[in-house]
């Protein structure tokens, strides 16, 4: 049964990717991208990668198609032109590369074998000792926020930098050259009363669920990355229904931009505190006499920093794109 | 007791799957956007409720059914809303009901444009 | 040799090549970014597939379970997904600016305009 | 019975994929993506019972939330665009 579900999901993934090759319209491609995200997340679930599935569900199926859509809307769909000559060179290149890679896969350990090299080095240590060293059930969180915390700091910095880059490339609401608020009350031909009411009921639960994911990440699937994306999607939902100027009044862009930096700083400071005590960077045992309790506090702080940064950066990126979309239409 | 629960849950799952299949058939075969929306929008709510109920009857601890209940509540809220929003957006964009072959727009009642 | 034991890897290769094909054969810049996304996801699938241990449980320590899937690829890919969306959005932002400057997102048009200058 | 449900769900997802590919208009594709999303929620819930791992349910829950957001997002953006294009043409 597992094999069947697994293979069918993979076939559907290939079919979706094939459809993406054939389809030319950008809006259709965006919808297929959303389906692709949902499928790959389901596949991650069947591979026991619950945390990854969590992230891919929020990113691949939610935020990523939305950003694509806002881009497509801002550049005005880019009407697909008639199919040109068949790109024979590309087909040949792709076929040869693919064939070589498939020959290469034959040297890999069979799928699912427990004695593959990937499972014999660090992973057994994490699985056997993280229970007593870190004291939390979710091994992915212990590796992410403690064993490999320095690596994660790098990832968070990349996300922060990407947010800064988007801000540099695109104007955000309130900046010079950005769209003036054009949403006067009643400017919508028909307000979406039903959508607004239902979403108003649901948004608090979405934000609450994001907090649950944030703070339950030590015990179940979840953590700062996932919680940040879910929190940001709550804000994005509000913005979509009430317009950019309204959501900017509720969650000010300046505040969000500051918070993006605050998250990174919180992460870095947590690491530096250990150095003040003469320990290595990001050694959490400084926070309490009991090293396991210290790990708990450290992971909590670090995950909070990740969550704040991710939520703010995604919100900022949404603001920048939505602003472009409104300028393009205005 | 557990045998009764298993039979009940099996019945729920079977009925739910059947409804899903009918909805998918309509979604694939119907000629017109609103008919397709009707086919999957209507069957979806009941099928989801039945399947989630069937799963709830299978659980032996208290947390999974609670989470399933949350999922059910959320789907019951969001699914009809999404269908409504879809129909409204399509209507506003100028999509009109078609005849059975999907070839021409149906005449609309007086007063509608 | 059991054919099915390599099925996942072959799917990864096919997905990767489909993404690669979109990147090199389609002139539209947004389409190229979608192709890059497919390419990226294929790498995610490769990592997660190698992390799976047959019969293993999700790497959340539970009483009475001894065999878990490998948590390390999960950690790497989890962060890679969020980094991926952040970098994709930088790419999309650049596309918007290119469109503002050239009035097109088709690479052939853009190159043509560059040569005319 | 659980296995049968999972197979049905996979079948329905394939149908939705066909619709998402065939169109014909944007709203058909949005509807297909929405259908795909709700079926994924059910699939993951069913798989969680089939494999006996209750932590999968959290993921089903996040799917239910995100699917709604993405459908609303797509609709609002397409709609705002049409609306503003309409007012521009009218002016």
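The chains carry the letters A, B, C and D, assigned in the order they are written, with residues numbered from 1 in each.
Throughout what follows, a contact is a pair of C-beta atoms (placed from the backbone, for glycine too) under 8 Å apart; a residue touches a chain by one contact, two chains touch by 3 or more.
Everything quoted here is computed from the prediction, not taken from an experiment.
Q: Which chains are shared contacts of subunit B and subunit C?
A: Touching subunit B and subunit C alike, sorted by label: A, D.
Q: How many angstrom lie between the CA centroids of subunit A and subunit B, rounded to a whole number?
A: Those two chain centres are 29 Å apart.
Q: Using mean CA coordinates as chain centres, what's the subunit C-subunit D distance in Å?
A: 21
Q: Which integer distance in Å separates the CA centroid of subunit B from that of subunit D?
A: Subunit B and subunit D have C-alpha centres separated by 12 Å.
Q: At least two other chains touched by the same residue of subunit D: list those residues.
A: In subunit D, 16, 26, 30, 32, 53, 55, 58, 61, 65, 67-68, 72, 78, 83 touch at least two other chains.
Q: Give me the residue numbers in subunit A that touch at least two other chains, ranges are fine.
A: Residues 48, 50, 189, 195, 202, 205, 220-221 of subunit A each touch two or more of the other chains.
Q: Give the residues of subunit C touching no fewer than two other chains, as numbers and ranges.
A: 57-58, 60
Q: Report the complete set of touching chain pairs.
A: Those chain pairs satisfying the definition are A-B, A-C, A-D, B-D, C-D.
Q: Quick one: in the complex, what on subunit C touches subunit A?
A: Touching subunit A: residues 2, 4-22, 24-25, 28, 30-31, 33-35, 37-38, 41, 44-45, 48-62, 67-75, 77-90, 92-97, 99, 104-106 of subunit C.
Q: Which positions of subunit A touch subunit B when the two form their complex?
A: Spelled out, the residues of subunit A in touch with subunit B are 189-190, 192, 194-195, 198, 201-202, 205.
Q: Taking the complex as given, what residues does subunit B use to touch subunit D?
A: Of all residues in subunit B, those touching subunit D are 9-10, 13-14, 16-17, 20-21, 23-25, 27-28, 33, 36-37, 40, 44, 48, 51-52, 54-55, 58-59, 61, 63-64, 67-68, 70-71, 74-75, 78-79, 81-82, 85-86, 89-90, 92-93, 95.
Q: Which subunit A residues qualify as touching subunit C in the complex?
A: Contacts found on subunit A: 3, 6-7, 10-11, 13-14, 17-18, 20-21, 26, 29, 33, 36, 40, 43-44, 47-52, 55-56, 59-60, 63-64, 67-68, 71-72, 74-75, 78, 80-81, 87, 90-91, 93-95, 97-98, 101-102, 105-106, 108-114, 116, 118-119, 122-123, 126-127, 130-131, 137-140, 143-144, 148, 151-152, 155, 158-159, 162-163, 165-166, 169-170, 219-221, 223, 225, 228-229, 310, 313-314, 317, 320-321, 324.
Q: Report the residues of subunit D in contact with subunit B in the complex, numbered from low to high.
A: Residue positions touching the partner: 1-2, 4-5, 8-9, 11-12, 15-16, 18-19, 25-28, 30-32, 34-35, 38-39, 41-42, 45-46, 48-49, 54, 57-58, 60-61, 64-65, 67-68, 71-72, 75, 78-79, 82-83.
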